[in-house]
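Two complexes are shown next, each including subunit A; its partner changes from subunit B in the first to subunit C in the second.
Let's look at the complex of A and B:
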């Protein structure tokens, strides 16, 4: 399968417990909030431990891909996403978006989470452009489309919606809360 | 202060002797909840090692100064790290050598009795997992019953007492642990016996073990008399050894009885289980010493670490043998069952010879308690 884009990759292959977690913790300190770390490990126990560690440390565990003997764990560094006040005026709920998708309405779903978050779980046919890449990739979108922006909690999508509006997109709706509470159809990677 | 390794054997001794021990288990909370070192006078603190990477100050006040301390993790690495930190902070601590992996594999041989001609019966207590296997020795020959996959230990033990292994039995197709029976039989050219009704899908040759078969160990006719006792599995077979010991497999335990659902046949086999426990076993002498294939809780251990009780005593005290009403019995063994053992389908397929996982995978499949009983 193709590689998932990440900010930092940590090689912890061949290391036994506790070293994969010790190294992960150190590597995480070098990341900026919201960035994604890939940890490659061969210790089978690292899967459960990295998940539990991420939960306790407040980081987001995205998932694990097994490739032969190598486990590739994906983590996103904690960010204070949800504490930011949302500013984009046009907002809708998960339920409303789900209804529109079920009715096959002519809409675009734009997922602005990191590529790794998108890889593990996303709404079918959603377009993936991480928040940090929005400005340089505006040309991939159509200004007149009815565009629903999603992220995990509704904060990054708020920022993305503001950016789109500033750039002349007329019909942009922020979906709140977004994927953290999404119960509709998704495409997923087996974790 | 120093820190040192404690072996599974040393911990086993503490369990048998009901000693005090403070167990600092640094595995994940879910792993600890699922399965831990059990001792009647053991106390526990569970803090995952990854919560302690920045230091152990926060837990120092939870660790008693006046008790022996053992740090435990899955495979040893994290417990060494934490033990070192505690030792740097001035505590005298040990870590479990080999971690829970070694604990799960430790077998402690305990003599459970003599045979009429001077032979002996040994019980191998797999203390971490609750599996019990047996060696019957007479006149330089030995039979092994319900062997675990740690086959070297049986071979070394037999060699140590100068006995040749001639017969290997499995009372049934196990679902909670990987049998070492076939491997031992292959290495020693012993005869491998398996109940044919449990062996319909096996991929190897075996000698069909059915009710009424007598096998002689040694020259003086130590009798192993088999008794068909279905219920846990359809083939489950018990043994009466030397008219003194009843090896009950997974049909009857000290404080519980077998569960009929691990092959997916709870409803079909509940009648067999009742017939075995309430009719066939009732016809046996109450003086027989019951030697089961498992214990479930540490309270089932006798003072010497053995797991054995007279059949008559079990008829009095074991709740599962004292349910008059058939419907109530049916309910007990088909409803509210404990969770099924880890990877029990894969374990059954391994014991049938259908799959051949490597040792590391086998370890992983067997992690956790055995859960073969209903109480």
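Let's look at the complex of A and C:
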């Protein structure tokens, strides 16, 4: 399987409870809000513990991949991105996007979450370009496409939609709230 | 708003030490405020010499191998880790008097207090545990 892109990787292999959690906490302190941490552990209890820990500490648990004896957990550091005021004027709902997808309309879905978030769960055929990479990867997109931008809660996609509009994209729509409440079809990673 | 975890450690065996310090470390790593009140045999868990060689329960000595295989940290490591993460240790003054122990017999950084010191912390704790 291809590697999932992360900001920091923590090796907690061979450590017993509660060490994977203690190390995860320390590693998380080195990340910036919104960045992704991969924790490699062999403690089988870590799967439940990491989820509970993330939940309690307010971080986003993305998922776990098992490779032999090694559990790779993916976490995204909490960010207060849901509290930012949205500015892009052209907005639609999850339901409206789902209808367009079901009708096979000629649209592009751009997912601006981190690669690890995308890997675990995304709308089929969505294009993955994390918010932080948008400017350098504009050439991968077509300015005339009807482009629906999604993230988890609608905030990062708002910023991305503004960037696209500034760069001459005329038909950009922010999807709110986005993947946190998405009930339509998805491609998920086999966990 | 962080949660508070209040732990009473009143037994002095190796298993007791793991129960106390694993929970305390896990709680501290989850940004919870933790205090442990060490009383009676529980004081062994932070005694400078005793905590390096805490006894296994009788008849359970064969678990020593399991501890080694599972790569479980030694108690002094767990103690240091807990202190580094801000877990508060309170030694029971009354027990120390009874056993003729002074504060300098214990690891650095402990507080010494009576039952009320602990109760003051525990009165609004979200989780209270006794080991």
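The rule we apply is simple: the second predicted complex is superposed on the first by the 190 of 191 C-alpha atoms of A that agree within 3 Å, B and C clash if a C-alpha of one lies under 4 Å from a C-alpha of the other, contacts with A are read in each partner's own complex, and residues count from 1 in each chain.
We take it that contacts are C-beta pairs under 8 Å (C-beta built on N, C-alpha and C of every residue); 3 or more make two chains touch, one makes a residue touch a chain.
In this text, all values refer to a predicted model and were calculated from it rather than measured experimentally.
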Clash or fit: subunit B and subunit C on subunit A? clash
Quick one: is A:37 in contact with subunit B, with subunit C, with both, or with neither? Answer first, second, both or neither. neither
In the superposed arrangement, does A:25 touch subunit B (first), subunit C (second), both or neither? both
Answer with first, second, both or neither: which of subunit B and subunit C does A:160 touch in the superposed model? neither
Which partner chains sit in contact with A:56 here, subunit B, subunit C, both or neither? Use first/second/both/neither. both
Could you say whether A:16 touches subunit B, subunit C, both of them, or neither, answering first, second, both or neither? both
Once the shared chain is lined up, is A:48 touching subunit B (first), subunit C (second), both, or neither of them? first
Could you give the residue numbers on subunit A that contact subunit B in one complex and subunit C in the other? 16-19, 21-22, 25, 49, 53, 56
Where on subunit C is subunit A touching in the complex? 22, 25-26, 29-31, 70-73, 81, 85
Which residues of subunit A touch subunit C once you look at their complex with the stated criterion? 14-19, 21-22, 24-25, 49, 53, 56-57
List of subunit A residues in touch with subunit B within their complex: 16-19, 21-22, 25, 44-45, 48-49, 52-53, 56
What residues of subunit B sit close enough to touch subunit A in their complex? 28-31, 48-51, 53, 73-75, 77-78, 81, 364
